[in-house]
Amino acid sequence: MPDAGGPLLPPAGPAAAVPGPAAFADVLGWLATHYNYAIYILLMMIGLYAVLAKGNLVKKVIGLNLLQTAVFLFYLSIGKIDGATAPVVWTDRPPGAEGVPYENPVPHVLMLTAIVVGVSVTAVALALVVRIREAYGTVDEGEILASDEAQEEAESARAEAQEAAADAAGARE
Amino acid sequence: MPVALAAAVVVILLGVLVLLRRVIVGPRLLDRVVAVNVIGTKTIILLALVGYLAGRPGFFLDIALSYALINFVGTIAVLRYYEGRVRRGEPVEEEA
Amino acid sequence: MDAQLPALVIVVPLLAALLVPLAGRRAAWGLVALALLLAFAGCVRLLVRAHALPEGEAIRYALGGWAAPVGIEYVVDRLNALVLTMLSGVAFLVALWMRRSTAREIRPPAVTGYYSVFLLMAAGLMGITITGDVFNLYVFLEIASITAYVLIAMGRRRQALYAGYSYLILGSLGATFILLGIGHLYMATGTLAMADIAAVFAREPQLYDSSVIRTAFAFFTVGLALKMALFPLHGWQPGAYAEAPSATSVFLAATATKVSAYALYRVAFTVFGVRFLETGLPVVRDALLVMACSAIVVGPLLAIRQHDLKRLLAYSSVGQIGYVVLGLALHNADGLTGSFLHFWNHAAAKGALFCVAGALAYRAGTTQVAALKGLGRRAPLTAMLLTVAACSMVGVPLTAGFLTKWYLARGALEAGQWAVIPVLLASSLFTAVYAWRLLQLAWFADEDGPVAEDVPWSMRAPSLVLGAACLVLGVAPLALPVAQAAAEALL
Amino acid sequence: MRSTDSLIVRYIARRSVPFIQLYALYVLGHGEDGPGGGFQGGVIFASSFVLLGLANGWGYGRRAAPARLLDPLLPLGCLIYLGIGLAALLAGGAFLEYGALAGSDDPEVRRHWHHYGLIGIEVGVMVTVSAAMATLFFEMARPARVQARVDRVGEEADRA
C-alpha cells in the first residue's frame, strides 16, 4: 500500500530527464507503489470530462458525483494502514489480535461529512433539473441556451416596436 | 479456514467479472438489471466473507444487511422505470 | 455570555433559520431581523475585543470542549473580526430591506422558506470566516454555496433556474478542488487545525519544497478563485447576480465572493505562511497578480457594454474582486490595508448599487439601465444613493473607494510592481465611463418615467445607511486603523 | 407514479415496512460501537417510505409520510441538535460540550451525560435525515397532475 506523505513523483535523476527504459521503469515503479493516485486521477478526469463536455444536465450531475467519489477514494486511501482493522472500537479481540492497529479514522469521518455535502448538492442539482425541465421542456444545455436567446430576441424586438410606436404617436401630436 | 474463505472470495469475484460482461453487452435492459441485481447479491456474500476474513464478522454483517436492503429498493426503482416506459409504449432498449 | 460569543454569533442565526419555518408567516420576518441584529451586535463586540488583545493573540473557542488539534476551534483575530462585522452588518441591513422586496418577487408560500435559507446562508458565510479548522471551512463553504444556489434559483424568470444550475456545477467543481487541497495538506502534515498546520510548517520548513504541499496550495487557489469569480473563472457570476431575486443579489454581491477571498487570505497567510508565497510557490503569487490585474481592467470594460443594470453591476463586481485579491499578490502592509479596506468599502458601495437595482425592480418592474431615466426627479434620494455609490466605485477622493486605490497604489510601489499603477488608472477610467452613463440617465435625461414615487422607507433607510457608509468610510478614518492592524497582524 | 402491477411486490413492500423501520432504530442505537448512527439510521428509515412509494404508488407512500408531518420534522431534528448544544452552553460548558449537562464535576457522571447528549443529537440527526430523504423522494417523483394542483393552489395564494 502507498505510504502517506511519500514523494508523489520519482526522484528526478538523469535517467528521468531522458525518456528511456530506465524512465519507463521509474514510472512503472511509481504506479506500483502509488496506484491509488493513478486511480483517483483517472476517475477525476472521467468526471471532469462529463461535467464539461456533456450537454445533458443530468449527465453533468453524474459527472460531478464521479468527481466527488474520486476525491473520497483519495482520502480513504491516504488513511489506510497496512494490516490494520476498521476504526471501530474492537472490544472482543480474539487472542493473537492484540497488536492489530486501527486504520486512521479521521479521513473516514471527513468523508462521511463530505458524502452528506455531496448528497445535498446532488439533491439541489436534481431539483433544479426537474424545475428546468418543467420550464423549458428539455434538459439539454444547447436547447436551453437557444431557447433563452430566442426569448431575449423576441423581447427586445417587442420593446423596439413599442418605442417605435410611441415615437410615431409623438410625431403625430 | 482463511484459505477456504479467500478462495471463496476469488470465486465470487470471478462470478462478478462474468456478470459484468452481461451488464455491458446486454442485449436487453432486463438482462442488465438482473445482472446488476445478482452482482448486488454477490456483494452481500462478499461483505460477509470479508468480515470473517478480518476476524470481525459482527459489524460487517450489519453492513451486508443494510446493503441487501438498499439493493432491493434500488432494483425495484430501476424496474419501476422500466415498467413505466413499457406502459407508455416508449422504447425500452437503447438503439444500437 | 461574553466567553461564548464566537459560538453564539453562528448559532443564533442557525437557530432562527430553523425556527422561521415553524413560526409561521407573520413572525418570520421579525425573527430574521432580530437574529441578525443580535449577530451583528455580537460581531461588533468581538471586533472590539479582538482589538483590545495584544498583537498576535486571538480569541479562541473550542467547540464541545475539545481543544484545538483534536476538536474544531473558532478563532477571532483582527482580520476576521473585520470581515465578520461587515458580513453581519450587511446581512442585517438586507434583512430590513428585503421584506417589501421579497413580498413582491417571491411567491407567498415560498417566502418563509426564502427567509430560512437566507439565514442559513448568512450563518454559513460567518462560519467560513470564524472557523480555525480547514475542513470545517470546507463544510461552511458548502453550506453557504448550497443555500446560494437555492436563493438564486428562486428568481422570477426561468433563466434564474439555469443561472443557479451553472453556479452549482462550477461552485461544486471549486469545492471539490478545495477538498483535494485539504486532503493533500492533511496527507503532508497530519492535522487539520489551521494553527497546528502552521506550527508544523514552522517546525519543518523543508515541507515547503514538497510537491504535495505545492499541489495542495494550487488546488486551494484554483478552487477559491472559482468560488470568488476571479477573472478568467467568473463565468457563473453575471448570470447568477442578474437573475437572482433582488434581495439575494444585494446580499451575494456585497458579501459572498469576498468571503471566498477572505478564505484565500486565511489559507495563504495563516495556514501556509507568508514565506511560502515568497519562496515556496512564487508562480502562484505571480499568477494571482496577473489574474487580479486583468480582472480589474476587464471587469469594468465588460460592464460598459451591458444594458441590464444588475448584469452591469455583476461585471463591475468581477473587476472589484480584483482589488480584494491584489493585496494578497502584493503581500506588503499597504497593499493588504487597501484590500482589507475594500472588504468594507465594496460591501457598502455594491450593496447600495444593488439596492438601487432592487428599488428599480420594485417600482418599475424592470432592471434595464434605460429605466433609470428621470430617476433624479422621481426619487431624488435613490438617485443620490446611486451617485454616491458610483463615485465610490470610481474612486473619487473623499469616498471610500479612493482610500482603497490609494493604499493599493502605495503597496504596488513598495513592492516594485509599477505596472499596477496604470492598471488602477485605466480601471477608474472605465468605471467612470459606465458610472457616467448611469448618472447621466438618472439626472439629465429629460423624460419622465411612469412612476412618480420612491420605494417605501423600509427599503430606503437600509440602502441609505449603506450609501452613507461609502461617505463616512471615506472621510472619517474609521476603517483605516482596523484594516492596518489586520494587515500588520498577518505579516 | 402509479402502483406496480405485481401483487407480490406490492404485498412484500407493505409487509416489510415495520421490519425496515425496526432495523433503522437498531442501526441508530448501534452508532457508538459499530457501523451506524443517525445518518445511516435515518436513511434506512426513509427507505421504508421510498419502498412504499415505489411499489404501491406515489399517493400511497405520501399518505404514510404526509408533507404536513415531514415539513415540521425537518427543522425539528436540527432543533434537537442545537437545543442540546445550547443546553450544554447554558449549563456552563462550551457549545455541544455534553459533559457539562451533568451539572457536576464527577468524571463518572459527566461521562454518563456525555453519552446521553450523544444519543440525543443522534436522534435529532435521524429525525432530520429521514424526513429530508423522504421529502426529497416524494417531491422529485411528484406526478404531473399533483404538480398541476400545487401550482393552482400557489397561484390562488398569489392572488389572495
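The letters A, B, C and D name the chains in turn, as written, and every chain counts its residues from 1.
In the analysis below, contacts are C-beta pairs under 8 Å (C-beta built on N, C-alpha and C of every residue); 3 or more make two chains touch, one makes a residue touch a chain.
Note that the structure is a prediction, hence the values are computed from the model and not measured.
Summarising the inter-chain contacts, the pair of chains with the most C-beta pairs in contact is A-C.
In this assembly, the C-alpha centroid of chain A lies 25 Å from the C-alpha centroid of chain B. Chain A and chain D have Cα centroids lying 28 Å from one another. Note on chain placement: the centre of chain C and the centre of chain D lie 35 Å apart, centres being C-alpha means.
Residues of chain B found to touch two or more other chains are 58-59. Touching of two or more other chains is recorded for no residue of chain C.
Chain D has residues 34-35 in contact with two or more other chains.
If you draw each protein chain as a dot and join the dots that touch, the picture is not a line, a loop, a star, or fully joined; it has some other shape.
Chain pairs that touch, as defined above: A-B, A-C, A-D, B-D, C-D.
Residues 85-86, 88, 90, 92, 94, 97 of chain A are the ones touching chain B in the complex. Partner chain D is touched in their complex by these residues of chain B: 58-59, 62-63, 65-66, 69-70, 72-73, 76-77, 80, 83-84.
Those residues of chain C that touch chain A in the shared complex are 135, 138-139, 142, 146, 149-150, 153, 158-159, 161-162, 164-165, 168-169, 172-173, 175-176, 179-180, 183, 186-188, 190, 192, 210-212, 215.
Within the complex, the chain A residues that touch chain C are 4-5, 7-9, 48, 51, 57, 60, 64, 67-68, 71, 74-75, 78, 106-107, 110, 113-114, 117, 120-121, 124-125, 128-129, 131-132, 135-136, 144, 148. On chain D, the positions that touch chain A within their shared complex are 33-35, 39, 136, 139-140, 147.
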